[in-house]
């Protein structure tokens, strides 16, 4: 996955994490949300009612950027700092896998 | 007093309090949920090697100074990052630490500086990916160093709108326009009040000049009506607002954009101050805030409030109230005598007064119009976590529901993961309008303030 | 601004609202339902178990109460291995079983009626209640229960380890088995309260919410109304005391006699919404667990005498969390969303206080429901409606009269 929306390029020595199985570069210290932002992925969470949401408050309040991280669902992307090898999955909800009719 | 003062929230207020204490040799424990101190205003980029010039010269300087001052005090400050205070009682805080374990943090003196979150204003389409709160988008460019996707439209009210527009443009994003809901004449009427902070006022004027120079239109008396898109945002409808913010639907204009940032002000985070049973009151804007005296003391003298928790006044005021809270603590600990403490407090209060007059002017022109609550349609979701629509709220009000707790039980608003932070503003507005009462109750936050895993209790005792 | 009604009901929790609903069905009564919002409202704090047998034999909400008694017994035995002191069985008297079972039997019909006539669904679910047996002490207690309820054999089933695994795969494989009560089900407690109240409103009952009652009016030796600050005086022929944990004060004002209703605090833990993890309600010797209609699992509850205090406290919450995780290990990875505390209207013999009071016409009790107010709300509404109208009652009200607390000692 390509980072196309960075305001300034990443410094040298990025780490690698995986978003929905695809490798992507990340800078130590940044959040999972900033990586998702940078690759232009905006449909992030599927809530308990099947509704899709993207980042909304950006600061840990609204629970709209919940993604699965290393197999654990409902992690706030905006509140989680990246680690090398981290596996991030979007649109995962443990009780609702289908889009509502 | 043997224990170090504990400060909850490492934003402008909390950092200033810690610095003020450290300058007198008093150590503190400073707890913040982020990986870097600074709060949403002064966290700065989370990754290294970023030139923050695009955020403006004055901001870069202030950011640099705050972190430099903080760094010189580092040895006095026990900084607990990535740690979230999720509960509080009269002896200790309950902190979810970096390893996601709960641990109690005892305190004798406390500074609560948890800040605020944004007021969410629902309208048709607000839940589409691509629609964001304005402060959230600002945080994205400031701390995440990432631009929004595609063309961006900014709507709402207040001085943050043109500021974020300038920062976005300077960061290389495309801004199609800024839609300020209040009429220009209302802002002009406040010129005198705004001149209380000449620098801020000038900054405001120069921002407007910047927008003009770069062809970003600033529309006064216009606001958002709806957002649309397949899967994500692709179009926003805006319309002229009258004095009551009733949108003129005959003059709707459609703007093709991929990002919409909406900013209608802020609501203090009172979860902890309420859990501690402190005295609270309502602001003119209808939000609940903790009450404090000129020493920033709550009704419990060893618990202080700093920053926006006690009422929204912004980052500069937050630093001053943080310092005043610290002065009060220094006096309580006998580090400063009464005379020294009062003298120092008066100095800070003097600076705060100018900000206060400036803020009053801003508050008058940004006062929300009562027709704002009419934006959602019957099927517009109000509480996203529990999927509660406007229709359900209308029905509950018709059935005689009179307060927040009743509305919660009848419709399940606020029972989801965000615990009502995103719908409380709308629900409170509707209840106040329906009952004619100023106090319709507020969300009663309990432990935990944020969801915590059961595994976090592993090491916590079960005996009192 | 003074008002005149036939009946004033003080307290719009599940009991007051049920009385209002049953009385409103007569169609010819002017009824006011008055409520004051005070922290600790037990209806909203409740778990919503309709555990007719479970609660009658001291499980569900009573578990921690029992454990307290048990540990006292242990202490008194100076560390001897006295597990269950069968001389102090925590099983309620027969009259309570009848009240609970008759009330329980009303719910299927009531559920249908409130949906069809009033559009209110209180989420009645047939779940059963399983007492999960995790050690020898639990086993002894389960056997002890079964011995005491021979007449309810048809509603009781033993599950061995394998049967328990099959029906509740999320329960720990350390569990030895379970004792299941087949007729014990659940509702959404706050929806039940709202359903009664909204149905009553649709039937013409006037609601006065956020209106504290400040006094009782008398005339000619009988109760004639109540006083409120906000809405003036309410004149009436009949006053029902459904004031929950606050009932003692109202009784004192109305009759001059106190009734021994005391707030008994219960703390509760709620998870986030989860996929179906529990097929039925679970009770253990640490806590109970009920997965509600929306997927949240509710875990309760403590039994504490702390006056009107409704703070949640970390050691108690932690103990519920650890008790629940011991029985359902998968909870370790689940998020706890909220905790709260409510005030049960406790009575010393754990029986509700119902019906008229000697020498004070116009006044009726509907209070003291302790930990079973949700379960017994249905029959309480029916009983009050009938006793006020002097009609035949579905069961003997004598054991529930306030008179039982005011007996004068008679010489043998």
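Per-chain numbering from 1; labels A, B and C assigned in written order.
One rule holds in what follows: a residue touches a chain if its C-beta (ideal position, glycine included) is under 8 Å from a C-beta of that chain, and two chains touch if they have at least 3 such contacts.
Here the structure is a predicted model, which is why all the values come from computation and not from measurement.
Ranked by how close its C-alpha mean sits to the mean of all protein C-alpha atoms, the top chain is B. Taking each chain's centre as the mean of its C-alpha atoms, the one that lies farthest from the centre of chain B is C.
More C-beta pairs in contact connect the chains of A-B than those of the other pair, out of A-C and A-B. Chain B and chain C have centres, each the mean of its CA atoms, that are 41 Å apart. Averaged C-alpha coordinates give centres for chain A and chain C that are 45 Å from one another.
Averaging C-alpha coordinates per chain places the centre of chain A 23 Å away from that of chain B.
The set of chain A residues that touch two or more partner chains comprises 48, 74. Those residues of chain C in touch with two or more other chains are numbered 272, 333, 335. Counting partner chains per residue, chain B has residues 417, 451 touching two or more of them. The touching residues of chain B, when paired with chain C in their complex, are 87, 89, 94, 102, 104, 277, 399-400, 402-403, 405-406, 409-410, 412, 415, 417, 419, 441, 444, 446-448, 451-455, 457, 460-464.
For chain C in complex with chain B, the residues that touch the partner chain are 37, 39, 44, 190-191, 193-194, 198, 201, 207, 209-210, 271-272, 294, 311-319, 321-322, 324-325, 331-340.
Here chain C touches chain A in the complex through residues 272-275, 295, 333, 335, going by the rule given at the top. Residues 5-8, 10-11, 27-31, 33-34, 37-38, 40, 42-44, 47-49, 51-64, 66, 74, 79, 81 of chain A are the ones that touch chain B when the two sit in their complex. Partner chain A is touched in their complex by these residues of chain B: 33-36, 40, 46-51, 54, 82, 117-118, 120, 127-133, 135-137, 139-141, 143-149, 171-172, 231-232, 381, 384-385, 387, 416-418, 421-422, 450-451.
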